[in-house]
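Listed next: structures, encoded as structure tokens.
Each of the next two complexes has subunit A plus one more chain, namely subunit B in the first and subunit C in the second.
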Partner chain A sequence: MKKTRITICTGTACYVLGGANLLELEDFLSDEMKSRIEITGSACLGMCKAASNDSKPPYVKIDDEVIHSATIQKIIAYLSER
Partner chain B sequence: MFVDNRMTYLKREVMAAVASLFFDNKLKEEINRIPTKIIPRNSVSHRCCVEKDREIIKQRVIASLGFGLEDEKLVDESLLSDFVDKALDRDSPDKQILSFIDEACKACVRVNYYVTEVCRNCVAKPCITNCPKGAISSDEKRAHIDGSKCVNCGLCLKMCPYHAIVFVPVPCEEACPVGAISKNASGKEEIDYSKCIHCGKCIRACPFGAVVEKSQIIEVLKSLTGSGKTTALVAPAIAGQFPFSMKQLSGGLRELGFDYVVEVALGVDITAQTEAEEFIERMASGDGMMGTSCCPAYVEAVKKHAQKFEKYVSHAKTPMSYIAAITREKFPQAVNVFIGPCIAKRHEGLDDDNVDYVITFEELGALFIAKGLDVSSCTESDFDLGYATCEGRNFPVSGGVAAAVTKILEEKGRRTEITPAYINGFNKKSISLLNIYATGKSPGNLIEVMSCEGGCICGPGVVANPKFAANKLKEFVDSKEHL
Partner chain C sequence: MNESSLFFEVDYYQINKSGMSVAGDVFLSTRSDDGSIVTVLADGLGSGIKANVLATLTAKMASVFVLNSMDIRKSAEIIIDTLPVCSERKIGYSTFTVARIEPDGNAYIIEYDNPGFVFLSNNGAEKISYERIDIKSSPVKKNFINYYSLHLERGNRLVFFSDGVTQSGMGCASTPLGWGSANTGEYIEKLVRSDPGIGAGKLSRSIVAQALAHDIYKAHDDITCEVICCREPRKLLLATGPSMHSDKDREMSERIRDFKGCRIICGGTTSQIVSRELDVEVEVDISKISRDIPPKSVMKGIDLVTEGILTLCRIAELLESGKFRNSDESNAATEAIALMMNNDIIYFLVGTRINEAHQDPSMPREIEIRRNIIKKIIYNLENKYLKKTELQFI
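Presenting the complex of A and B:
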């Protein structure tokens, strides 16, 4: 099975506004979840520059889908649905 | 464990919004729009409604401009833009470095005692009988405490045979190690600055973000965008804070407008050397013990609350103080800005002629965001004035100060003479502990005290969580960059 790719933006804006904690994501996942995903940190994804008013850092990409105002809980909820 | 939460992000977002308008030269024109921009109409309210959220953002902006919120009438009747000129014209920052957003405080517990469902609605009702203020009554289910009458004496809790009454702490009051925070007659939290040690524990403890720092970012922004030179004095804890290298950080600071970037760890080496020499002298003269001196919150606590220990505190100055003096000599025209994890440093900086302003890592992060900098892609640059030792860079971790002093003694062949003991994280018990140590009952002869548990890398102004910070700092120390 192809693993779901989780890309955490570590650009400065994302990092300061919550991305720093997202880097600990793995500690919060069940073994089952860990087995079907792949977590990578990424240089600035450029999302903050293109952001509109209701979309805020930190940004995370789950495969090609962008999640804004990302939290560990939000990512887990998303993964549970898949 | 995470030190960050939604509250800290909101605080950084506000600072970034203020700084961003400053960089764009639109501070006065646009500042009144910040609350609506941060809390748009359709957003999920943190409190009762978006209007209240916006009011609290407004007060947070006032603190970001460097003002307190004690004058409620002034806060209510002024527009944010009214504060801008005052901030730009201000000669020196306020010495009372903290303030409360009372609107945010109001969601907190106003009375410390609460009757739980465990109440059996007994016949004797010793709670009601013993309450000196007649604040307790009961309905058909259980007893209730009237918050407007209760004076928090705690008698009801002691009297209840079912232990049905609980003590609910006010987080900031509970976190304060020196009892400096209490409610005034009208129920508003106040700081007694004759007791406060500026440790900043209350800021992180409040889950409503009601304790705010009077920021100095306006002063720093003025210096960065003005024609004069500005120096960044970066505390050693910074090495663990961001996901980029120290060379990128140095480059980022220069793009932000700093002309010189200096490692405070250079000052650490002087502090450690001075402490080691003083330690040897003190042992020879029969003092029996010496306390470290680099944590300003603990030193203030000793001065105000543990005077018996005062004579044991080392006379060595803090790393900031040493390096600021050297920097002033090298670059006499430049404004010195200390960047660190510490709130007490803000206070120390105000008393030090060589330190002009102090900002936290959080504020630095906000400045990077405001300038639109992704620091990982900034051009790498070196530090000015040379590079520090590994021991110097390892100072901001609990045990780091004692390790640096021990290393120096070891080099002198006197390793066996030193037995370090640690107070890792200052709390209510630490005061009595220091007073006991002062009577000669100390577990070691070098007492290292750090107000923040874990050391400076866990300070109130950090952005990285402690685990990440400790690993990243170790990586930098081990890399021996430029040594």
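Presenting the complex of A and C:
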């Protein structure tokens, strides 16, 4: 099975607005979840430039889907639905 | 910049006496307007705050006097007469070693009661003759100052240390009278022989570490070591920020590629531009994470790739405080500083495009405009760390 790719933006805006915590994501995942995902970091994804009230950093991409205002809980919730 | 000229790399390392929050040894270095370097290593009587006050006064006075080319005898007398008198010992006293090194390599060194410095040429340690000058100011003891005059060439090193080094291990079975000047000198010679390219930072750290080991990892006195290396300048290019005009992207990338020396890129967008233009992959390395500083990235041919503003701000902060020396902090900023310290001429290639996302008022106020941070970094590199720098906007 192809693994789900989680890309965490480590650009400045994302990092200061909570992205720093997201890098510890793996520590919060169950073994089952860990086995089906792959975590990578990324330089600025460029999405902060188009941020609005409805879409704020930090950004995380899960495969091609963008999650804004990302938190570890939000990512886990998303992953459990898949 | 005249690249064939001599370059003097200056660095030091210090450990406080065990239990003391400040050192009684003080190291100061400054560059005068004519390009001369003046360094002072002073060791105040006693330890802790009192010694620190004595040593700071001494170091500051000595460096100002020497910078203004005042007569050595007169300077020493003024210093000795001015120092506050210790309430217990009834004398005001601080040893010192002052070195003035002119851009052409002429060096003048004054030594007052500090352990003799070590001069290393390519052939190893060499004895330097000196003049013994009598200064009659003290009511308590006879005072002599050693005055050296020598010429430095490429590959030469000067190593200065406080008595915390030579007296380390005193009272131990293997070194009942301490490490001693001769043994210290031999150890330094051995270090340089085994690593002929060793820089001032690493050499001073190794010597202090060895002295601390003699004290069984509990320093009995402040241990300080200062090294001056005369060498072919090592060059570093730090590129940060996208250019105002994207048609310069290619030029910037090629200048990074063609630079001969160490290369750092600070900035996510900048690294992506370089990656696109030169067709080299860049990958964020999330194996080591720090709470404060975003992780570094890896790009072939580039020594270090980091995030931009946060990392630069941290670099500026650490250079200002000097705290990177005795700290366990390890992140992209400290790695960048380690590279800067190991190089002599630092070229900054700075793109001035403003990142709009950073102007959001919800961002921490530490996020500054790139130009301003670079200005701070350059100021400290030049004045505190005696590096040469060159700044170019693109």
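Just so we're on the same page, the second predicted complex is superposed on the first by the 82 of 82 C-alpha atoms of A that agree within 3 Å, B and C clash if a C-alpha of one lies under 4 Å from a C-alpha of the other, contacts with A are read in each partner's own complex, and residues count from 1 in each chain.
By definition in this document, contacts are C-beta pairs under 8 Å (C-beta built on N, C-alpha and C of every residue); 3 or more make two chains touch, one makes a residue touch a chain.
Just so we're clear, the structure is a prediction, and the values are computed from it rather than from any experiment.
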*Just subunit B (first), just subunit C (second), both, or neither: which does A:Gly18 touch?*
first
*Figure out whether A:Ser42 sits in contact with subunit B (first) or subunit C (second), or with both, or with neither.*
second
*Which holds for A:Thr10: it touches subunit B only (first), subunit C only (second), both, or neither?*
both
*Please indicate which partner A:Tyr59 is in contact with in the superposed arrangement: first for subunit B, second for subunit C, both, or neither.*
neither
*Same subunit A residues contacting subunit B and subunit C, which ones?*
10-13, 15-17, 20, 23-24, 41, 43-44, 49
*Residues of subunit C touching subunit A in their complex?*
268-269, 271-272, 282-286, 289, 291-292, 294-295, 297, 307-310, 355-358, 360, 362-364, 367
*For subunit A, which residues are in contact with subunit C within the complex?*
8, 10-13, 15-17, 19-20, 23-24, 39-44, 46, 48-49, 51, 57
*What residues on subunit A touch subunit B, complex-wise?*
10-13, 15-18, 20-21, 23-24, 41, 43-44, 49, 53-54, 56
*Touching subunit A in the complex: which residues of subunit B?*
2, 4, 9, 12-13, 16, 37, 40, 42-43, 242-244, 252, 362, 365-366, 368-369, 372-377, 463-465, 467-468
